[in-house]
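Take this structure first; my questions come after.
Per-chain residue numbering starts at 1, and chain names A, B, C and D are given in the order in which the chains are listed.
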Amino acid sequence: MPTNRDVVLVDKQALGGPYFVLTFEHAEVATEGRAGQFVMIKAGQSAEPPLRRPFSILATDPAQGRFRLFVKAIGQGTRALCALQPGEPAQCLGPLGRPFTAPAADEEPLLVAGGYGIAPFLLMSHELRARGVTARVFYGGRTAAELQLREPFAAAGVPLVLSTDDGSLGFPGRVTGALEAHLDRGGDGRRPRLYACGPDPMLHAVAALAARRGLAAEVSLDPWMGCGVGTCLGCVVKIQGPEQERWKYRCACTEGPVFDATHVVWPGDATSAAAGAAR
Amino acid sequence: MPTNRDVVLVDKQALGGPYFVLTFEHAEVATEGRAGQFVMIKAGQSAEPPLRRPFSILATDPAQGRFRLFVKAIGQGTRALCALQPGEPAQCLGPLGRPFTAPAADEEPLLVAGGYGIAPFLLMSHELRARGVTARVFYGGRTAAELQLREPFAAAGVPLVLSTDDGSLGFPGRVTGALEAHLDRGGDGRRPRLYACGPDPMLHAVAALAARRGLAAEVSLDPWMGCGVGTCLGCVVKIQGPEQERWKYRCACTEGPVFDATHVVWPGDATSAAAGAAR
Amino acid sequence: MSSSPPNLAVDFAGVKLKNPLVAASGTFGYGVEYEGILDLSRLGGLVSKGLYMTPRDGNPTPRLAETPHGLLNAIGLQGVGVRAFARDVLPRLARHDTAVFVNVCGDSIDEYAEVAAVLEDAPGVAGLEINISCPNVKKGGLAFGNDPAMTHAVVAAVRKVTKRPLIPKLSPNVSDIATFARACADAGADGLSCINTLLGMAIDVETRRPKLAYGTGGLSGPAIRPVAVRMTWQVARAVKLPIFGIGGISCAADALEFLIAGATAVQIGTANFVDAGVYEKILTGLTDYLVRHGLTDIRQVVGTLEIPERT
Amino acid sequence: MSSSPPNLAVDFAGVKLKNPLVAASGTFGYGVEYEGILDLSRLGGLVSKGLYMTPRDGNPTPRLAETPHGLLNAIGLQGVGVRAFARDVLPRLARHDTAVFVNVCGDSIDEYAEVAAVLEDAPGVAGLEINISCPNVKKGGLAFGNDPAMTHAVVAAVRKVTKRPLIPKLSPNVSDIATFARACADAGADGLSCINTLLGMAIDVETRRPKLAYGTGGLSGPAIRPVAVRMTWQVARAVKLPIFGIGGISCAADALEFLIAGATAVQIGTANFVDAGVYEKILTGLTDYLVRHGLTDIRQVVGTLEIPERT
């Protein structure tokens, strides 16, 4: 059940550049949070910006009642959050949203992340590991400096494939390039199942790739969110299920943020079946 | 000349309770600031509250280009200022306003302060000392905890008479009681000249006392100020000079904050000559 | 002096509210979204999001934009339609002990009356709030609320089909809100909601496009509170009807401003998005205030503003 | 690509402004107060505080109150009167290379014309801003600005006595600001100032008294910016006159919102109280913006908002 709490920052790690890992105390998020779910949070003292911000749950520690976020400070809300000092308060509601669906036993989970979209996949790797499944994570950015969350994957022994647009680290090119290379090599032999989180164009590319190759894929969308609980209707995205004649606006906060990639009507996209029907 | 600068907090001393001494770098305030003058300042990061706040200049250090404030944190603006950490920025305009007038050689300067009204009198003691004059300072509060700025006077060897309404420190009663006791003892023999800064009722009492005893008195008023430079017209007070038929609204920021006590039309007061004429 | 806690209950146009805090339309969904996050029975009441006869998609995105201490929205009244609401939502809300008001919308005078008629037989509706002031739909909405004659016509038409408490929601985008308050009173309103959002716009200067899809939207949040308090005070002086004060309330002091200005109760909008704990915080704050001021009943503060006449 | 800095100069109703930043009436005194604090020659122009025929005391205190990202004021047009201004202030302002606009007030249509007539022979006046929208005086002010016929009458009366650029300042406290813009254009206005303050109120809940002496006052500052941008856009679509965009500007992006919405220049009000360095910061910001977007002239951004039509 999503629970609203005044929480306290218990630890802050600066990872370099605008990237931080923040640890908060929040029993319900710590025990109930699943990969793909998120929290709505704002730094406690600041009345500005007016609204909270959504962040994927990076990791949970049920024993200590704590959870972690991986935050890129880019605007007023994220900067206020990353300026918090341990001991200072924040307001937090969570866990929220629909998590990723677990892969079947005969599926190879391939986790594809762009930038801060890596966040849900640390928790997901741990969840899969707990079920005896090893995930492969593809982590792309424009440049090496954008790939700041490498260490915890390495520490957990999760296979991590890096890629950078500028070739400064790992596979040179888009993260989808690294993914295709893996698929072209036949993967690990099981049926690949894609999970993607990152900027819209990347998700769109993953969806197109999945459609082309006939793979199952889930994407975690990144719309602007006002409330996180389905009441502001600011986060709606066009979704068209297989049996629907026409798209409908769905709340990414309650019916997502994770959607079946084939159900998403991508902006400006007339090639997918759904988008065609929606125009 | 008042100068507008982005300044930096260089030192912060917590004196106990809501009281702080803050040191900023600002060359013009440091070299030109006179006792009774003030600065308009706000903590640099916060867009709220919307306006700056006025504070008397407590001390100046021309050599280092620094000045000090004695701030009581009571609301949003003062709390933001006192929450600054050394190295953090603030926006500051100063020095502003009309300072206290120096006493003549045959006058005994008696400095009467209530609460944070003590601030201008540290600088004033130093100015007088530089001219070979020793001031006597009367410093009153409701209770001992309100008299936090004692140490720098002691360090400078300035005679300091304390008073508390609850008798917890010094003279038991109002600061005007301590002052009257001194006057009744004949002071130091010279003609007494009063300087007062503090809450309105105290200033009013000092003005009444001065009128009763025929003493010269200057008061530093404490109205709410929006700009500090005579343009918002938020700080106006009713002033009636000796040759004026009727009061006029005067800007406390540019024509004050220091006024001749006999020129001030005190709210609700019909006993002073000025107030009588003003109704 | 008794030590029992002060009374917070008020009577609003014949509806008993256990306290004067009501969730505002469009900011609290259909209420059921908050089940499990907060205890709906702690609220004096709630207002559903705006409902038409049929389901609506609403506007394209972006639909929200932040401004200094404010929020612009152009949701465009996305919703399930009044029949689905009556069938699916009202029974769920009936499980909670809170007054349910329904926000009634229409593209035409007839549609307002039709929506009200559907609700006439639905159980669990405490009253109807008539939304003549939504700035985010092409026709209807604002047009009705910015012309006193149209306002009168809509309210009178709904009055004909309902015996339920009728509470038109006033638009702040007018020269003289008192005229509209009187038009509503004349047409048979039982109470007034004051105010809806101010029409505003924000521009992304990098793209030179509006931050909302269609340019303009409704401004809410603390930024508009001074305008809302002023209008509540003007309306309270103009008519005898009970008033819901609305606009930028996020703490007990904010709510008290409206009550002192003359509102019988208040609605909380944008603050719902920020903090689901806002009701408990305000309830505690109101009780503290009454105790501190030696008052025993929240009604003792309503309309107590002391204001000097201009000389 | 030339490396010369982009042009910031604009022509406003025949007045050359070296940049589009003008200090707003009532927030910059008579201009001379800022001599020594900032270089007045860096400003595109300034507007004097409001002037009547005779000196005025203004309202009792408190006259200012802060609200979330806003400021309420009820100064009540304290001032020295237009003759003293022309005699004592204009010659001092003449030392600075900036356009001086005078904010003209009146309790009657005749007084507006009289004030304008006094200024007709005064040297160093670039134009007249007609204040038909001050919410803080008992009669006059707002009354003129909230009735299109009265607006027309005031502007027409001043038009008869002056050849100077005539710039009525619109009230935001109206249903349809475009109607007022058209009334001004019809009456011979050369430009428009958009907007004055929103009528607001704040209450001290501890004392149950208003925070301003007489209750209501004018709301300014960042809080009102979305309303001001929306109105600027509406006015720009309604008339061909140049517009001063006004309301809550405190940085280059804020100023750009108004220019993109259709203002030829902007006025800066409340921000003057907070930061005397605001002009330099905005000038730098505007130049950076133009360079970044490959533009050579600030006029290239005016009225460039791309806005989709509602479907």
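In this text, a contact is a pair of C-beta atoms (placed from the backbone, for glycine too) under 8 Å apart; a residue touches a chain by one contact, two chains touch by 3 or more.
Predicted, not measured: the structure shown is a model, and the values here were computed from it.
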Exercise. Taking each chain's centre as the mean position of its Cα atoms, how many Å separate chain A from chain B?
Worked result: 57
Problem set entry | Computed distance of Cα centres, chain D from chain B, in Å | 36
Exercise. How many angstrom lie between the CA centroids of chain A and chain D, rounded to a whole number?
Worked result: 48
For this session: Among the residues of chain A, pick out those that touch two or more other chains and give their numbers.
Result: 47-48
Seminar exercise, completed: Note: chain C residues in touch with at least two other chains are 67-70, 221-222
For this session: Work through the pairs of chains, note which ones touch, and then classify the graph as line, ring, star, complete or other.
Result: ring
Exercise. Tell me, which pairs of chains are in touch?
Worked result: A-B, A-C, B-D, C-D
Seminar exercise, completed: Residue positions on chain C within touch of chain D in the complex are 67-70, 72, 138, 146, 173-176, 198-203, 205, 208-210, 213-216, 219, 221-227, 229-230, 233, 248, 253, 256-257, 260-261, 289, 301, 304-308, 310
Exercise. So in the complex, which bits of chain D are touching chain B?
Worked result: 27-29, 33-34, 36-38, 49, 57-58, 61-64, 66-71, 73, 75, 78, 221-222, 270, 272-277
Seminar exercise, completed: In the complex, chain B touches chain A at residues 47-48
Problem set entry | Touch list for chain B against partner chain D, complex | 1-4, 6, 42, 47-52, 91, 93, 223-224, 226-227, 229-234, 236-237, 248-249, 254
